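Working notes, structure below.
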Amino acid sequence: MKILPQYSEKAGLPPGEVVFVGEQKVEQPKIHVIQYNEKDVVESDIQNISEVSKFIVKSSVTWIDVVGLHQSELIEEIGKMFKLHPLVLEDIVHTSQRPKLEEFDDYIFLVLRMFYFQDKNIIDEQVSLILGENYVITFQEQPGDIFDPIRERIRSRKFRITKSKSDYLAYSLIDAIVDNYFVILEELGDRVELIEEDLLLTPSQDTLQEIHSLKRKMVSLRRSVWPLREVVNNLDRTESPLIKKTTKIFVRDVYDHTIQVIDTIENYRDILTGMLDIYLSSLSNRMNEVMKILTIIATIFIPLTFIAGVYGMNFDYMPELKWHWGYFAVWLVMIVIAIIMLFYFRKKKWL
Amino acid sequence: MKILPQYSEKAGLPPGEVVFVGEQKVEQPKIHVIQYNEKDVVESDIQNISEVSKFIVKSSVTWIDVVGLHQSELIEEIGKMFKLHPLVLEDIVHTSQRPKLEEFDDYIFLVLRMFYFQDKNIIDEQVSLILGENYVITFQEQPGDIFDPIRERIRSRKFRITKSKSDYLAYSLIDAIVDNYFVILEELGDRVELIEEDLLLTPSQDTLQEIHSLKRKMVSLRRSVWPLREVVNNLDRTESPLIKKTTKIFVRDVYDHTIQVIDTIENYRDILTGMLDIYLSSLSNRMNEVMKILTIIATIFIPLTFIAGVYGMNFDYMPELKWHWGYFAVWLVMIVIAIIMLFYFRKKKWL
Amino acid sequence: MKILPQYSEKAGLPPGEVVFVGEQKVEQPKIHVIQYNEKDVVESDIQNISEVSKFIVKSSVTWIDVVGLHQSELIEEIGKMFKLHPLVLEDIVHTSQRPKLEEFDDYIFLVLRMFYFQDKNIIDEQVSLILGENYVITFQEQPGDIFDPIRERIRSRKFRITKSKSDYLAYSLIDAIVDNYFVILEELGDRVELIEEDLLLTPSQDTLQEIHSLKRKMVSLRRSVWPLREVVNNLDRTESPLIKKTTKIFVRDVYDHTIQVIDTIENYRDILTGMLDIYLSSLSNRMNEVMKILTIIATIFIPLTFIAGVYGMNFDYMPELKWHWGYFAVWLVMIVIAIIMLFYFRKKKWL
Amino acid sequence: MKILPQYSEKAGLPPGEVVFVGEQKVEQPKIHVIQYNEKDVVESDIQNISEVSKFIVKSSVTWIDVVGLHQSELIEEIGKMFKLHPLVLEDIVHTSQRPKLEEFDDYIFLVLRMFYFQDKNIIDEQVSLILGENYVITFQEQPGDIFDPIRERIRSRKFRITKSKSDYLAYSLIDAIVDNYFVILEELGDRVELIEEDLLLTPSQDTLQEIHSLKRKMVSLRRSVWPLREVVNNLDRTESPLIKKTTKIFVRDVYDHTIQVIDTIENYRDILTGMLDIYLSSLSNRMNEVMKILTIIATIFIPLTFIAGVYGMNFDYMPELKWHWGYFAVWLVMIVIAIIMLFYFRKKKWL
Amino acid sequence: MKILPQYSEKAGLPPGEVVFVGEQKVEQPKIHVIQYNEKDVVESDIQNISEVSKFIVKSSVTWIDVVGLHQSELIEEIGKMFKLHPLVLEDIVHTSQRPKLEEFDDYIFLVLRMFYFQDKNIIDEQVSLILGENYVITFQEQPGDIFDPIRERIRSRKFRITKSKSDYLAYSLIDAIVDNYFVILEELGDRVELIEEDLLLTPSQDTLQEIHSLKRKMVSLRRSVWPLREVVNNLDRTESPLIKKTTKIFVRDVYDHTIQVIDTIENYRDILTGMLDIYLSSLSNRMNEVMKILTIIATIFIPLTFIAGVYGMNFDYMPELKWHWGYFAVWLVMIVIAIIMLFYFRKKKWL
């Protein structure tokens, strides 16, 4: 999870310039097209974007999935074909946008963020979505399997999706992304539990750093979900004819899910904050324990050692030294002192 | 109290799929029906949902209480019978919803959360409620006795409830759930007081963890009550003809109660936070005490031991050792030093 | 100041049931009636509520003050006489309501909270107020002298109050309650100052608990004043014909006072929070002091004791022991070491 | 800066009673009148308020500056002359109001708070302002020189002020008060810097108390500026004909300044909070340092003293004591142990 | 980054007085003019502001860039020429304004803040911008290269800018300033990372101060960006005919960027706060470590030294001293005690 969008590279460029900003994650962009209506599903991997035009027909919904964003010409061609605003194209290739929704006359432009695990790290990637009258274009940085169940549903032709228009497809894609947040949260939740156990058994500076690292991840997720919530809310409230009333009830359902995601994140953050408190107070507790032992040993033996020292002095005239039972008397005194000390500590509840 | 709704299991499913997500808590779903009006009360446990239809008549209010949500077919049948939206059915069986209110043309759909104790643990369970023209359907996960007083009131036919329409029944059920929050809070309040005593007598790391565990419970309750407050508020403001004006004054009363619940929760949270402060500062205080004793003993005896050590040296020529009163002089010096030290500590208010 | 309203006792009761919830504070309810207009003031203690009716006349304002709420029949009779809503009666006897305002067709119902000291404890009590066309009914749990100045003003017939309608009487009562908050705050402010002195002279764990106890009291006051502010604001904004425009300017004045109360409370809370910081850091400071003394004594004498120990060894061949000035040389060495140590500590600013 | 407005003295008084609440700061109230228009400026100190009437003419603006508020009769006479509401008069003499704006039919009533230094203490005083058609009345507790530059500008007749109406005069007075906040803030800022230096060189408990005292001052300032901001904002938004459109642009300028004041205060509070952190952590740091020295000295010499103790024992048969080089061997062992210890501490980065 | 705007110098001045408040950063003000339309670009450095008038023509956009604000006459002349309000001129030369937008009949006045590095310090400077029908005037304190790319774009005549009106130029300038924030943030982000490494390797009081210094810088940036966001938002929502609808989509793009800046700042602040926690707990951790070593050494050797002391006593009758193996027996006892201690510490996990 990067903190700073690499905008500084772009500073000074004119607006609307389509220059990919981000890490290139695939070698060759791929374009996958599915055209469907209630009766028919046509699917194809195309090489040239110009082939797309033949898939766009009034009676069907066409989903164009573009994977890989580093070929500026490709994005610009798509822009020309669907008459997209230059700033939309810029936002598609500048892959550190916050989720947002922008309405244009002919289409709605959505930026979403998708999270997934890669080698135990959380990767987030920008998914841009153009929702038109009878088409949906999605732009991804990397091929992912989050949208596969939707493809399956389209292919099976049994579900509501093939009976609906492009807005329902867009909804399904957003829903898939939001549902995936729960998968991420579940994994993070497992880590929180692991740390919680650690905290009780072997708390260490590492535990502290793990807590902070998880907190940061939660913050980073929240930073994506808060604007996403706004996006979904706007999708519900929009008066654009592209979103049908029957779809809006589904959009509201996604909205509820985003709130649940936020709730869960807040919950984890509270728990992690509580863990910090416990960690810090357990540090103090251990310090107390260490100090107690030192104090017990020291306060018992320091006076005794002093007594032994006294009778180790070499004065010519020390009457006690001559007493026959002097040695044993001293031992007695020392034992009595030790016992008194121990009673005192017991009274103080240190033992 | 689970943190994460088990949504991840559902990721990839098409929306509106009625698959129970939660823990199955009863073996066999039960359906209990009460039909009542001012003159008559009919009550029945039915086996087959189709029997319900004969209870639904214009002149009476029918309350259908469904306990156990894991039989998808049952929920779907009810859905068909009352023409419920697929997403409503989904929300009924996905039992980790936040409280919410959704208005449809013919009915209002409410999700509420009910809290109760089971073996000293707080269990929360989702209660879904469909409020129609002349019927109310409630969906519970487990049979509970929270609604029993309402059944009694219906049976006795002495109260306002039998003179009112379905909206008053719905209000009564919500009121019962909110009143039950006070029972939970009272129990939690007792625990807070117990901890408070512990804190003064025998503070320990366990006390700290109990404080945090109670704080989490408060947060978890609050998370249910905040949206509940919104739900009740919406019920008051709705323009739906299903809610009569005379009922709204009762709804506002419930609204006041939800605010009182929130107030009480906030109060407990403040108290628990204050306890954390007291706990941490009592740790420091005890450390101080320990250190003071160590310091008093050590600073008195270390110099004395040094003096004893000096006269324990074996130099051939040490004039003091020859003096007749040398030994007693040393004792005098040591006692004077000890007394000066004690005065110093008294001045410092350590004794 | 109780934290939890005793609502749990009420859970399961039907709404509008007039069952007193709270502590009974007087033996026998008392009803005091004042009827006044610009020319005349009639005052009477009545036994039977039915006598009230003869006091209610168009041309005068009648103030009925009911002290003691545990006789349900009495409250219910009043309810019938003035046609009050059952929930209003319920709210009057459930004496842990938050301040609130409810408008009905014929009257405005207000719940207020009154604070006073009793044996150095802050007691808060609910005052309910019904404002009708030409009457005001107040319900108190205990007789109090807060309203006495208002009675005096009525009796003297010199003030605006006898020239005004019932709304001005209601305003005067609210004003008296809010003004009394300042008396409470002044007393609490004195306690804050006492603690502040304690903090500098003899900080102890008790000081800490007093700070937290005062903080709770502030929170508890604030919890009553915040909704009170809303109540007063609503009284200003209401379009009810019961509140005249000329009275509203006085209501706004009370509103300013409630804000001043809130401001003062916030101020005290800030000060108390600052005190916590000072307390905790003074703990650390004292610990530092203790440690410094231990360290100075120990680091000076431990090396010296070691040297004494060396020459206390009984080896047959230890050349230094034979030297004539050996003993004095050792003393010299030890004094030099001690002086170096002291210089070091002075450089460290420990002395 | 007092925390509690002395309202408690007033509790029980009827509203609108003009009784001065505050400290009397001047012996004799003074009334200074300036009447001006574009062509002429007349200035006069008057003894009797009735003389004012001759200064009030349509064609000029008259500024009546009243210093000293403890003569109730004077305030009441002014009230009668200008037909002010009794509550306005009450607010003028109760000198612990929050800044506020109240619109009446013929005039606007403003309460402002002015801060200045007196013997290094911040004094705040209430300035009340009545803005009428062709006059402005200001009520101050003490004579101050903040308004002198405005008098100069009127006298010189070169500035916009003499060409404008009373609203511009009111604006100028508010502007002078707000500008003076910057003077206060600059002085406080200097103190913050002084503390910051202290914090690095000689942090002490006093530094901590100074930080808290400055924080309180900031809070106290903020408490006046926040409502002031509202007042200025209302002055901009008011539809009263008393405020001309051309003046509103100046009012907006003052509004910007109040926001800048708030910004600066927030900034200082952040800095002071950061200082607290640094102070507390420097306490911990010094404790660490002290402990390190103790530990180094103790851990080196305690084992060595033990060895010396062993060979100080008086057993009849201790072979080492007979060895010729025994003493030197023991020295060697002790030096080796000390060196190992020192290496260990160096490795731990304690040296 | 200064905290307090130097307003206090200005206190007492009449409003609209054009007196430069700030540090003079250039010797001689410079005026650079570019006049352009789709076909032609004319550029010139002028000496006298009166020359400007010939550049202002209907068919072209003229950008007048004024660098250096300390010559009041120059600013006043420009004010007269373009009929600017006196308060606008005052705001231009008082260079510690918050970003703001003010609409006038003929022009829009914008205050922006530009941040850049100078010798590793962050300098911020006020940029004022007047947007008129066919001209844009910018006022800078110092010549900077942030606007150079825009000049290049104008000169090349290939971009949208030369085809657009003055509003697009204004947008481009704001965009350049906002983009530059990312450069600053990237540099600060590098510093945050450096500190993070320091924190793990060699945490010190300096690290703490660096963290606080960075936090302050973040706060200072945020203080500029928050109102900037409002400014950009107002530019989008304005109904002024000066801002064309086609430009507004670009303005919204800048708005997104300001939100991204705020997001990034918040993120860094969270990270820095987390670092503070880690720093403080690592202090505690090191203290614990130090204490543990002291305690281990002291608790092992103090009892042993006591035993040695006992047998160093000089009593005439101490039977053990006569035993042949006494010395070795004592060694054995001491070794056993040491081993038991070590086992105990191992059990406590201190070793």
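Every chain is named by a letter (A, B, C, D and E) in the order it is written, and numbering of its residues begins at 1.
Keep this in mind: a residue touches a chain if its C-beta (ideal position, glycine included) is under 8 Å from a C-beta of that chain, and two chains touch if they have at least 3 such contacts.
A quick note: this is a predicted structure, and the numbers were derived from the prediction, not measured.
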- [ ] Tell me which chains count as touching both chain A and chain E.
- [x] none
Open item on the list: Hopping along touching chains only, can you work out the least number of steps from chain B to chain D?
Closed with: 2
Task: Whole-Å gap between the CA centroids of chain B and chain C - done: 26
Task: Centre-of-Cα separation between chain D and chain A, whole angstrom - done: 42
TODO: Check each residue of chain E and list the ones that touch at least two other chains.
DONE: 284, 287, 291, 294, 298, 302, 305, 309, 312-314, 318
Task: Interfacial residue positions of chain B with respect to chain A in the complex - done: 3-5, 7-8, 10-16, 85, 87, 90-91, 96-98, 100, 102, 202, 205, 208-209, 212, 215-216, 219-220, 223, 276, 279-280, 283-284, 286-287, 289-291, 293-294, 297-298, 301-302, 304-305, 308-309, 311-314, 318, 320-327, 330
Open item on the list: Using the touch definition from the top, list the residues of chain A that touch chain B in their complex.
Closed with: 149, 153, 159-161, 172, 175-176, 179-180, 182-183, 185-186, 189, 249-250, 252-253, 256-257, 259-260, 263-264, 267-268, 270-271, 274, 277-278, 281-282, 284-285, 287-288, 291-292, 294-295, 298-299, 302-303, 305-306, 309-310, 312-318, 348-350
